[in-house]
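In the two complexes below, chain A is the common chain; its partner is chain B in one and chain C in the other.
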Partner chain A sequence: MSATDSSASAVQSTVGAPDVQSTLEASPVGQVDDTRVAGTGIRPVIFARHQFISWGLAVVLVAIVPLFVHGLYGLGVAKTAGLFAILSLGFYYQFALSGQFSFATTAFYAVGAYTSIWASQYGGFLVGFLAGIVAAGLYAAVIKLALRRSPLIQFGIATLAVSALSLIILREWESFTGGGLGRYGVKPVSLFGYDLVTPTEQFYAVAAVALIGIFLLILFERSPAQRDLVFVRDMADVARTTGLRSSPMLVVAFALGGAYMGAAGSLLAHTAGFVDITSFSIAISLDVLLMVLLGGVRSVWGPPIGAVVLILLPEWLRSIADYKDLIYAGVILLVVLVLPGGLVSLPHRIRGLRRAKARS
Partner chain B sequence: MDRFIALVAAGVAQGSIAALIALGIVLLHKATGVVNFAQGDLLTLGAYLAVFFITDHGMNTLLGYALTLIIAFMVGVGIERIGYAPLRKQSLLAVVISTFALALGLRSLLILWFGTDLRTLPPPLGNKVLHIGGAAIPYQTVLIAVVMLVLFVALELLLHRTSIGRQVRALAADRETALLQGIRVNRLSILMFGLSASLAALGGLLVVPIIPASPELGFTLLLASFAAVVLGGFDNVGGTVLAALAVAITQQLLTGYVNHDYSEAYPYIILLVVLILRPAGLIRQSTSVRY
Partner chain C sequence: MSTAVPLLECKRISVRFGGVVAVDEVSLEVHPGEVLGLVGPNGSGKTTLLNAVSGLVRARGEVLVDGKRVSLGRPGAIVRHGVFRTYQTPQVDRELTCLENVLVASPDRAHRGASSAFMLRPRMWAHDRARWQEAAAALNRVGLVAKANVPAAGLSYGEQRHLEIARALHAQPELLLMDEPAAGLNSTESHRLVGLLRELSAEGLSLLVIEHKISFLEELCDRIIVLELGRQIAAGTPSEVWANPAVMAAYLGEAK
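So, the complex of A and B:
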């Protein structure tokens, strides 16, 4: 039993070992169109075991949260963590799976929220929710299509401009967004005629969407499409010679990410009941980037874990709230410098260290 | 006509500031391939340090400026040591992200030190204005444009006429080969980080008499200079300066004559339109990718 166990983990460690990846990542630093993401490599998903079991555990974990967290404030924080988990899952499609460095998160979030508010006037929450997802996804697809030939850094800066521009347009488009006054009295989240209005119900609604998002992401991760996408991400030119159409794949991945962000925006609007232009800022795009980096870009669990940790961190450290950004900065620097795989890679790293110790 | 001149003058001033930040970004990118997102916050640092030395401590203006630039240089060196040197073997994105983290850290330190109040500095040349064709142009605006032009010429000479410039270009082309040729690559990249940080701080201390210093000052200005850097091609000093001026003047003219509600939006629209038409900026650069 122990023999097979160790051989299985040996195979896993060879595949995920840094020396395999370093050949993939042995790239000169000074290139603008180097699309490789820090600390990722091609990793066959069959070695990522227990994904569905982990998902079941996550469902149980989420289900018991209201036993430990009480009150409007605590559940509000938990709900925010859920919203950011959805945002960072969307960012996982764009950044981790397809290597696109984007700051447009907040634009898709806002488009999802406002579209959902507008559409829910005509058919209730579910219509608004779907409309928000579709609108944000389409918006992302259009942006990626228009900028598909821009190299990595140029694309990143262009998405920064997209975010700033979208926020200005939404601010000025008063008939759609209410301008500076915002939109009040947004319909609550409702399912089959039952309105979810208490903090606990709202938390469950957001968490359920986040869990469904993770489930869909796991299915995607295990599909051949993921392997094609990672191939395109790491070696776009080589992938093209094998007949893969790189550009449409990147557009679809970017749009999927945008759709997740639109879902988060819709949930924000319908659970808070009020949205104005200050609900969205470029800081959100940065926070989501930090969350995904903190959690880790090599696993579907990285983004949600990063989101939960980064939302809860200031709550735990209430006494030193002034130093929040400083702590963020330190944590990110530490992750980039010593733990490129993020928090999710921590168990693997500790196991590796222990094994090295046992050998010596 | 005087309105047109005033708008163009405002555009030149704004463009010159954007160009100062952009010069720092281009210099660093030329030498090391890094796009430094902390450049905006280094500008904020320069603005606050100048206010700190000159207004708060009554220091001589030139001495205060010199101290500001020296401290900014050292901060730049610190950024190289913490955020770049350990990550040199990793991908470009890792370095970009670490400069992001350092920018965030720098900004929060500035908030802790100076609070979030707006701070300003009296202009070094007084509040006099220059009259050209009926339009009044503040001396500070003229000063900014002149300093930017002088620095642009100096930087061009440094990069193309001196030994250091040749070394920088060798470093940019191939770090290992440069090392084999006896170029002290470490020292050179430290120098470049320091210099570009000083350039950003210079932008800060020049801009603070016109725009009051706030923690978000640099990041706001950074977006406009990114537009210039992208449009001008990442490695082209002259193209970047031209692009910065063109974007700012266009923005001022559109604001003055078309619609002022969308004033902040114009640079982004220009940037996006150009990137859609020419994906790598107005001036194309050729890079190679190794697999």
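So, the complex of A and C:
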């Protein structure tokens, strides 16, 4: 299937840059030309992006991380960055693609973790992992259905309440979550009977899931579902009079996001071996929001880049790590004010500034 | 024309906002191939009537397309019966390109969901490719094919109007409801639009057009219905309607 995508990419006509400004400046014009793909040869700009090449580069990059990062601590940080990358990818479906501002990230993360721990008792890691994904996805779908009439802000506030409530229920539900004591001795991540227990193996396990998550997101972006969803996001009523069934589409997008978060929860539980209720807090929901804003909402690379940078930032600035929250706040203000497209828009932004300079 | 089943039949449509009756038992018919004008002073309920027919506001009464009843109050219900609409201010997604803005209205609803995107790529591709070509043809029709991959934010106001029409054409409707399609267009653009609409009409598309510009209506419409304060006060050919004293009173009473 990816072969079909890349063969279409090979038929180059109009290379649309991801940000509006440079697309306009380069004024890519899809001329009628019958010599290309039967018909007009005009295709949506998304298919001119080389997303699968970028993905291949990311695979290589991830593969060599253990060459530069060593030890329990370093690889632990890298693993955490991977977990937050998965959470951020989930948030991308919910927020960037479908405009659903949610603080329930941590709830789906927790549901994924505890469900996975529970289910893995009956069939090992993979069963737990899949159960965590499904449970978190279904939970997200139920919440979205219950709140389907709530507009943006009310929805956000309601998900904040859902988050707090979910965490309380999980804390009190001792038979399922171990309550305040937590769950010890969680089965390690294992594949085909081989347990992944060393820091390097665990890092690779998390990174692989993150990369698969990005791959699936790219497949989603390179499909009619993405443009329909964006139209529903931006044009609500108009989309409905266009014949799009907006409500189911938003539920599916929200559930997909929840499923990603559930996957991250499962990986957290099975790589750490221990989970208790303090592993999950509303702060995680906020951090994920910051990561996506920081990385950028216009590209699938925004969330993972934002996650990696925000997790590594306090490590790089170890001497002032005590001021982590201050750094976060400063970074966000800077991005919102100076770089609304997030870090991924930086190259285009610089190019735009250079061009503006050359003109003046 | 009068013996055939009407393409669109609105029976005693009423819309209330609190105590205000915005549309008061208005009935109208659009016959296949017909161009019907809907006029009236500001606040006479034209747009509200259109919103009622397209399901955006709750309404009482009955709407039938080809004799089949369409459920009211559900946006999109009438689209499946081949009736599409445009808006008073062009409703285009500024972030999506022209092509994408058109594609969302594709009547082909197969393999557009997440499951096809993840699992049935070859089929998704086959359907989507066909859509691109049809959408490009629709853009070509309104003269925007050269801007297919330009985000709608980069279009002029007049171009956005034409983009909305391209989207409507891509939906392959039998009847197009248009809310002031010439509003905000200069006389050249407006003239071109009349030309396009007459072409479409000649190809069998039926139109229901809300408009203020009298010249626009005279060039285009077979029949005109006049609303005032939510009620129909006149109907007939353009010349009949303009000669009607009630119409003159409604408009002059409105004049500043």
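As a working rule, the second predicted complex is superposed on the first by the 313 of 360 C-alpha atoms of A that agree within 3 Å, B and C clash if a C-alpha of one lies under 4 Å from a C-alpha of the other, contacts with A are read in each partner's own complex, and residues count from 1 in each chain.
Convention: a residue touches a chain if its C-beta (ideal position, glycine included) is under 8 Å from a C-beta of that chain, and two chains touch if they have at least 3 such contacts.
Please read these numbers as outputs of a predicted model, since none were measured by experiment.
Participant: Does chain B (first) or chain C (second) touch A:L181, or do both, or does neither?
Facilitator: Touch partners of A:L181: none, neither chain B nor chain C.
Participant: Determine, under the contact definition given at the top, whether A:V197 touches first (chain B), second (chain C), both, or neither.
Facilitator: neither
Participant: Could you look at A:R240 and tell me whether it touches chain B, chain C, both or neither (first, second, both, neither)?
Facilitator: second
Participant: May I ask you to decide whether A:L256 touches chain B, chain C, both, or neither, giving the answer as first, second, both or neither?
Facilitator: In the superposition, A:L256 touches chain C alone.
Participant: If we overlay the two complexes on their shared chain A, which of chain B and chain C does A:L216 touch? Say first, second, both or neither.
Facilitator: second
Participant: First (chain B), second (chain C), both or neither: which does A:R149 touch?
Facilitator: A:R149 sits against chain B, while chain C stays out of touch.
Participant: Looking at the overlay, does A:Y323 come into contact with chain B only (first), chain C only (second), both, or neither?
Facilitator: Touch partner of A:Y323: chain B, not chain C.
Participant: After lining up the shared chain so the two structures overlap, which partner does A:P224 touch, if you call chain B first and chain C second: first, second, both or neither?
Facilitator: Touch partner of A:P224: chain C, not chain B.
Participant: Taking the contacts chain A makes with chain B in one complex and with chain C in the other, which residues are shared?
Facilitator: Comparing the two interfaces on chain A, one with chain B and one with chain C, the shared residues are 27-32, 37-39, 235, 237-238.
Participant: Please give the residue numbers of chain B that touch chain A in the complex, ascending.
Facilitator: Residue list for chain B touching chain A: 32-35, 82-83, 86-98, 100-102, 104-105, 107-109, 111-112, 172, 174-175, 223, 226-227, 229-230, 234, 261-262, 264-265, 267-269, 271-272, 275-276, 279-281, 285, 287-291.
Participant: In their complex, what parts of chain A are in touch with chain C?
Facilitator: 1, 4-5, 8, 14, 16, 20, 23-24, 27-32, 37-40, 42-45, 216, 219-220, 222-228, 230-231, 234-235, 237-245, 249, 252-253, 256
Participant: What residues on chain A touch chain B, complex-wise?
Facilitator: So the residues of chain A touching chain B come out as 25, 27-34, 36-39, 101, 146-154, 156-158, 160-162, 164-165, 168-169, 172, 235, 237-238, 286, 289-290, 293, 322-326, 328-330, 332-333, 336-337, 340.
Participant: Would you pull the chain C residues touching chain A in the complex into a rising list?
Facilitator: 54-56, 75-76, 79-80, 84-85, 87, 91, 93-97, 99-101, 103-107, 109, 111-114, 116-118, 121-122, 124-125, 127-129, 131-133, 135-137, 139-140, 145-151, 153-154, 167, 171
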